[in-house]
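Next, two complexes with subunit A in common: one pairs it with subunit B, the other with subunit C.
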Partner chain A sequence: MAAVAARRWLRFRCKVCLTLTGQRAGPCGQVPNCRFYSGSATVPKVEGPNVTGIEEVVIPKKKTWDKVAVLQALASTVNRDTTAAPYAFQDDPYLIPTSSLESRSFLLAKKSGENAAKYIINSHPKYFQKDIAEPHIPCLMPEYFEPQIEDVSEAALRERIKLKKVKASVDMFDQLLQAGTTVSLETSNSLLDLLCYYGDKEPSTDYHFQQSEKSEELEEAAEENNEKSKKANHQFGNLWRPKNNAERIFALMPEKNSHSYCTMIRGMVKHRALVQALNLYTELLNNRLHADVYTFNALIEATALSAREKPEDKWNNILELLKQMAAQKVKPNLQTFNTILKCLRRFHAFGKMPALQTFREMKAIGIEPSLATYHYLIQLFYYHENHSKGSSLIIYDIMNELTGRKFSPRDPDDDMFFQSAMRVCSFLRDLELAYQVHGLLNTGDNWKFIGPDHRRNFYYSKFFSLLCLMEQIDVTLKWYKDLIPSVFFPRSQTLIDLLQALDVANRLEVIPQIWKDSKEYGHTFHNDLKEEILMLMARDQHPPELQVAFADCAADIKSTYESQDGRQAAPEWPANSLNSIAVLFLRAGRTQEAWKMLGLFKKHNKIPGNKLLNEFMDSAKASSSPAQAIEIVKLAGAFSLPICEDLARRVMANFAISQEQKEALGNLTSLTSDSDSDSDTSEDK
Partner chain B sequence: MVCAPSWVCVLAMFPRVSVILPLHPLCHFPLCSGGSEAAIVLLSAPHGTVRTKNNVQRNFGTISVNYSKKDEQSAPTHGISKEAESQESVKENTKKDLLDIIKGMKIELSTVNVQTTKPSSRRQGKSVEATIGSLQKTLEDAPKKRTKSVSPELEAAASAVADFLHFDKQTSKSELLRQLQQHEEVSKAQKDGERTKISVSNIISDMKVAKSATGRVSTRPVHQIQFDKGTDSFMGQKTDDLKKSLRKNMLKGKRLNIFDLKTVTEEAPETETAPSLWEVEFAKQLAMVNEQPLQNGFAEMIQWTKEGKLWEFPVNNEAGFDDDGSEFHEHVFLDKHLKDFPKQGPIRHFMELVTCGLSKNPYLSVKQKIEHIEWFRNYFNEKQDILKESGIRLN
Partner chain C sequence: MAAAALSAWLTLQPGTRTLRAFCTSVSPATRSAIPSPRTAARTSRYERPLRRKALPPRTEKMTVDQDWPSVYPVAAPFKPSAVPLPIRMGYPVKRGVPMAKEGNLELLKIPNFLHLTPVAIKKHCEALKDFCTEWPAALDSDEKCEKHFPIEVDTTDYVSAGPSIRNPKARVVTLRVKLSSLNLDDHAKKKLIKLVGERYCKTTDVLTIKTDRCPLKRQNYDYALYLLTVLYHESWKTEEWEKDKTEADMEEYVWNNSSSEKNILETLLQIKAAEKNLDVNKEELLATKEVEEYKKSVVSLKNEGDNENTLSQYKESVKKLLNLM
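Our next item is the complex of A and B:
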């Protein structure tokens, strides 16, 4: 802040100095702000009478700052608030999301609101003509998507192409042809661009949200299942139809240059007409034209994707293409190598050696790999997670290479790297490596490459689980406070990991807090988590204060089960939870509630555990209430538990009971030992 | 609201300064209490200092470059500010530029069509109509009334010049006046049409940059690549050895040997072609790669600034005023363009009044102002014989 203020001050000062004569610049120079221009030989000195040992400061005529420089300086002073939800979610307190599901719907709602407004404005531009902003704000004004040129001309065609009106452009082209006008090569090419890019379909409205969410996951699934055609259809939206408008117009074009061929090939590959693409490439060569680097990239993809060939053959075909590139003096670019590596992932084990060679080639000819390159390598070398034996160590090389570097986006897959690197860390169980990856993520602006929401969650879940597994509990808890909820909302598995870490480190007193948090993050109805919490709390005896806290927590969890009753038709009370809650109540001295829990066992037709019954007996003994003790025996009898006899014996030994009660007990035990059942016991009652 | 650039305000400040400044020897005019006369004196006064200042300014220019570099280094949060990073290498710079542009283009691209087609033409049409209308009005009016829109001082000066040209007194006066009037109309029209001009030109200029920056392959000689010689301090000693022995360096070994470093790195003549749809869409995709939700309110303000929704920092009255980066002194101090005119006499007087008027005009660009002065130069040159006849020396 101070620095900014100083700079602004300086700037103001400069303006003043300008109106003064050169002489006056001297005094201005003796300002303590020397750090902006410490003595370097390159600074030319101004000759003047008042150069007195102290370095002369030359005030610039005008210091022009970028329009966002001030804001950037200010923004850099703001750190993440670890206690709050991310800034993007800050809204009406009621609306602030507390779970990953909510955060997603929050963002979607916000975005769709914007889109709806934009849609209304754009579809009724005439109502939104009033321009109240001064200076004018173009992005708030309606956009015109309707073509303005009505007549049939090449200009009209160009306009329609620019507006990405696929069908209208094709119609206009046909009309022009019918009228006998020849369309210039340039315009036809851009029409082909349009048709090939969108596969002869109208482009979907540009209101994207964070990219199509599961494209990559889908693709990977497709690779695994070898159901490429089906899923690819899903992913790429539309496939290349033979004899579509692009092919028709391409055939109609009187003259074609390499651009026409290239765009056709790229379009075919994009929309998965691989064989046609490769054929068209031969045609291009026959016409003595040259393909550009993007086309070669597409061809490499086509070669790798084409079915029914062995990996070796495919690889040889790719090499052949690369040799042709070199022969035609086409310079490969980053995408060339990334495409190769991406495709080599499909070859699994076979792909490893070629991938390394490709990587070295790329380094050797001075093409700096992008994050996506490393991502592909990692994916290739760590394809089978369960292969823990002899797994590759290439990740260490990669991290050594990358540590401390800053990245800018160069490949659409650049945002996949951190996710896959963290996956490998978690699978190698290497915490140091995970810290290294995390350090890289926090270098410069690299955090921007973490990708959309689901990838961020994946990354942090893996990272935090690894921390739970390997790190000291205090450090883990520090990370817990730091990351949740300001960076991500934990999944229930993450919390279970944390609970296990707490168990290992014998820090169970934190559990009630964790339960509170998990309620906050939307895991109230997650049975696994609740059972885990209850199990950990009930397993051992603890000091009284802790038992009280645990009992409160247990009561809270119990209430979630009960409220669930209202929500769902079939309430599911796991026996373990019932046991644990009852035990916790007993230990905290909340006998009344514990007895109520016993009632629940009957209601839900669950069987209380031996341990629990023994504890009940202990508590009955502690309060020296023979009636309770007998009740327990009765209950055990009702469930025809083998422990019944033991309990009866204990009652006999430890309690002063009346003759009647003794008889009742005798009845119970004999009946149960006869394994005669409930009808009699109910009579007894 | 009319945003007159700040140099107009500077002009307003001058009367106070004039007390201190010595009068320029060339200024014969007595100080009048009002208006342009006073301003002329003030404008011509700092003649002497201007030249010395020019020297200093040149130094300033070089220094400012150093400054920006220093600032980057001294900035406490290097790396967070995008700017600092982007200046680190030209390669990155262009890329960032491209990205910024593309981010901008997402919103503006479709506006281009809009702005260039319907509304702009309508709006321009309106302003043209307005000018035509006013022209017609002035034409219809009597010639006396025609001068109404020109300030009386200028009119007086024009007639003074015309007085010297004995020959065809009335025509030369009207010619001068018409030029003045036209000038005023142009500024008025530009005042109206400013918005359209700005939005369209901004977008177009943006697109030009995007074109040149796409598809540039980054090249770096091999020998700059540094290999890490495996200092795995992070691994335990035992596993360290084990892993090292197992490990093959991923950088060392056979490569494909298909491409040659020389052919790849050699600079190909860059052909200037419009980016195709493929390139535009790819750039959009790239821009989306590191799109993240905003981190704080300032980041949001940065985004708004980039979208044009927010006044640009520093907030001043030059918002939306873009005159090819020319600065206020170029707008205000126009005397240097009068070098070719006589040092004294009625033409000088007239031209000083013209420059005075121009220096106050916030709606013309510097280029237009110079063109305006140029017009007078040509005019007087054409009328040289008449001037000679009346005993006025030009040059």
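Our next item is the complex of A and C:
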């Protein structure tokens, strides 16, 4: 944008003017009174002006604030725009994503562009040396990934470790040993750290992206079934191979301190070599060394993951470990308790008591629980979503405790809390609780904990479905406008819930608008949604303007079916849809199109419903055309519908038809009545 | 290196394919809506792969009472799909109208202030009140401000979007002061004015010092103050060579010892001599009222220039002096 000039006027006393007597200049000094934008005004008390006598000009102390305080203050005056897509996308009708798949692929495309640019810069650093950024922006400059030091020395080894080159550093280490130089304990420890963190494999460029994906899949696998999770372990994850470089180097080290043991244990647990980890721990104890809190966390996880033990035994083992931790005077931290709770939640019924004990212990020690803690508790207590057992009321206690609090990220699983909380609200059908959870989400910075795309979609789907179920229709519609599609893209089921809510509240006139909206985000070809819409529109009679609107909507849906026809080999027009569309056309007075629909029935081999045929008959009567009436009867006869007779009788009674037509009708009905009489006679026998 | 990047690229692909169970279900029909060479080749029935359709502009969904500062919170280019006004701009063709807002480059080129509606400004001011301190109660009029704070310093900060936050224009400092608030006597004032030359404005009696010779604003500011100090002190000093000030150097016309005085004296003496009034004093002559008036009119004529007033005054005084009335 164009440069914006800000003028700042500074008026103050000139020190040169000596002869102006009688006035005291107030303190115009720059005493920093560090006032960050925390919302509370803390201006220090300035000496009050002397009103009596000579007027003193008292200049208040200048306030100071941090760099972004003004921006934050201005940002607090704006809210979210409910019609806009998230800011990361280009705000253009052609470029806004229309489904979650699209939005994910757009964001990935953006990120891959950035990665490609970074790759080019890093592979040709000599072309990107010019730096016009002032002040210097280090992350825009090319990075150097190749180790610079070439000779065989400990400094070279340290450099390779810093650049995270696993294989190169192992080779360097071996070379150093062959050359006879001893490697210092610190460097060996940092080499062990590198190996244990990456499990003796080279880190790939999207290591962290993959890690988070895998851990999520492991989570879900673990939730379902313990054995499945073992399979998941084998499929994903980086397994610890026995006798790999880490163990070899560990064995080669002349002296090992507790850091070395701890690193090895944590690496083994991370890569699922659980038994070895526990064995190494006993070795550590035998050497009379102490483990640190992170190692204990890893050991607790190892104990809980080891298979083939009953929950009670596992719990006793964990208690053993905790007692040893206390004996070694290692203070537990948040991760300790979270790991315990994470393991307990697999124990289902058995785990409830210990979980509450753990929670109370955590409070007693003074460690503030994080959102992940509450997430584990919820998962533990609400695992089985069946109504036969009484549901626990712990969610209410949790929400009462959490309301109004602002959280900061302290555990990788913090972003799973809102999803599980909303799942429980939906299960309990409690709207007040859902509002409480949503209010917590909107407090302060807690919106950051909503998690990745699919979790956000899940949360909002459940929330909105609950709203459709339990809330008044006006409020629901307000939420609809607010949330869709700027916050999440609804699934067909969510929209069907909304339609049913409209049905219950007798607000069917909103349906064409909802159809128009849902076309925008990818529901054009979702058959169940279209069927539901058509069914609701066609079910009852409505005032004429509404009928017209409905008929337009039906025509639109029909065109989507037709375009779908053109693109697929086997057209599928559900019978219900055909029925509904025809009825709507009839009711709005679009008889031409309605008759065309009848033709479609034959084409797609679907049977028209009785109600539909009656309506056609009514319309034929209204337009007084016996030809049409006979058409209908012929159609019914073609499909061999039992209603054919009734229709024929109606025609004969209500219409003025010629003799041939009567005979034709008679033929038709006789055909059907013949078959009837045949069946009668067969029954008689 | 390339292989690593390529593998990174490929491993990104599985991420897009792994759809969670509770993600939006994607039917095959929507998949084929995204043009891909496979489907186009497979099915010969299609004329061309389906083009992505644009959504309707979101102005249709905006309510009349929406919160406009939320739609345009910051300075942003004009987005026709987000501004619900039927604006037209451009030179129309013959018998036509100016072009509509969609795709209108003219609307994009000009700066727009959609983010600074009066409502938005009011909200901003409310939010910024916290950062302000109170105005001193004693300074409730302009004259008092002048009296207590006679010096005004102007500085300018520049903000722009770009990689660098530095702007060389930001080092300029302008210092303004009224000479009436400085303690100067007549000689000092005249000397100061001579020293500063163009920087003094006679009509407003303001001395403006604009410095930009130093690279930093602070340095320029110190330099400006230094200049003011030096000027003040220097103008109070009197050098010996100032005695050589000639009439051509004078800023304003001074009557005493001027040629006009001499002339009038001579004239009056001649008149008196013609009247045989020989013993008459020069000082007495000069002290008479007519001469005083004449002196005033000449001074004003010389200092203020020719206008109706001064010329008529001169005429009157000459007439009186020469007893022509």
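What we mean here is this: the second predicted complex is superposed on the first by the 574 of 685 C-alpha atoms of A that agree within 3 Å, B and C clash if a C-alpha of one lies under 4 Å from a C-alpha of the other, contacts with A are read in each partner's own complex, and residues count from 1 in each chain.
Keep this in mind: a residue touches a chain if its C-beta (ideal position, glycine included) is under 8 Å from a C-beta of that chain, and two chains touch if they have at least 3 such contacts.
Values in this document were obtained by computation on a predicted structure and should not be read as measured data.
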First (subunit B), second (subunit C), both or neither touched by A:65: both
Subunit B versus subunit C as contact partner of A:492, first or second or both or neither: second
Partner chain in contact with A:624 - subunit B first, subunit C second, else both or neither: neither
Which superposed partner A:526 touches (first subunit B, second subunit C, both, neither): second
Subunit B versus subunit C as contact partner of A:159, first or second or both or neither: first
Contacts of A:184 with subunit B and subunit C, given as first, second, both or neither: neither
Contacts of A:101 with subunit B and subunit C, given as first, second, both or neither: second
Partner chain(s) touched by A:194 [first = subunit B, second = subunit C, both, neither]: first
Which superposed partner A:112 touches (first subunit B, second subunit C, both, neither): second
On subunit A, positions contacted by subunit B and by subunit C: 3, 7-8, 18-19, 25, 37, 43, 58-63, 65, 69-70, 73-78, 80, 134-135, 137, 206, 210
Residues on subunit C engaged by subunit A in the complex (per definition of touch): 1, 4-5, 7-9, 11-12, 15-16, 18-20, 22-27, 29-30, 32, 43, 45-46, 50, 52, 54-58, 61-62, 66-67, 69-71, 73, 75, 79, 81-82, 111, 120, 123-124, 126-128, 130-134, 136-139, 145, 147-161, 163-167, 177, 181-183, 225, 228-229, 232
Residue ranges of subunit A in contact with subunit C within the complex: 1-20, 23, 25-26, 37, 41, 43, 49, 55-63, 65, 69-70, 73-84, 91-94, 96, 98-101, 104-105, 108, 112, 115-116, 119, 123, 132-135, 137, 204-206, 209-210, 213, 453-454, 457-458, 461, 481, 489-492, 520, 522, 524-526, 564, 566-568
Interface residues, subunit A side, partner subunit B - complex: 3, 7-8, 18-19, 21-22, 25, 35-38, 40, 42-44, 46, 58-63, 65-78, 80, 86-88, 107, 131, 134-145, 148, 159, 162-163, 190, 193-194, 197, 206, 208, 210-211, 259, 263, 266, 294, 319, 322-323, 325-326, 329, 331-334, 356-361, 363-368, 377, 393-394, 396-398, 400-401, 406, 408-412, 414-415, 432-433, 436, 443-445, 447-450
Of subunit B, residues touching subunit A in the complex: 1, 3, 10, 17, 49, 52-53, 55-57, 59-64, 66-67, 70-71, 74-77, 79-83, 85, 92, 95-96, 99, 106-108, 110-111, 113-115, 117-119, 195, 198-199, 203, 217-222, 225, 228, 230-232, 234-235, 243, 246-247, 249-261, 263-265, 268, 276-278, 281-282, 285-302, 305-309, 311-314, 319-320, 327, 329
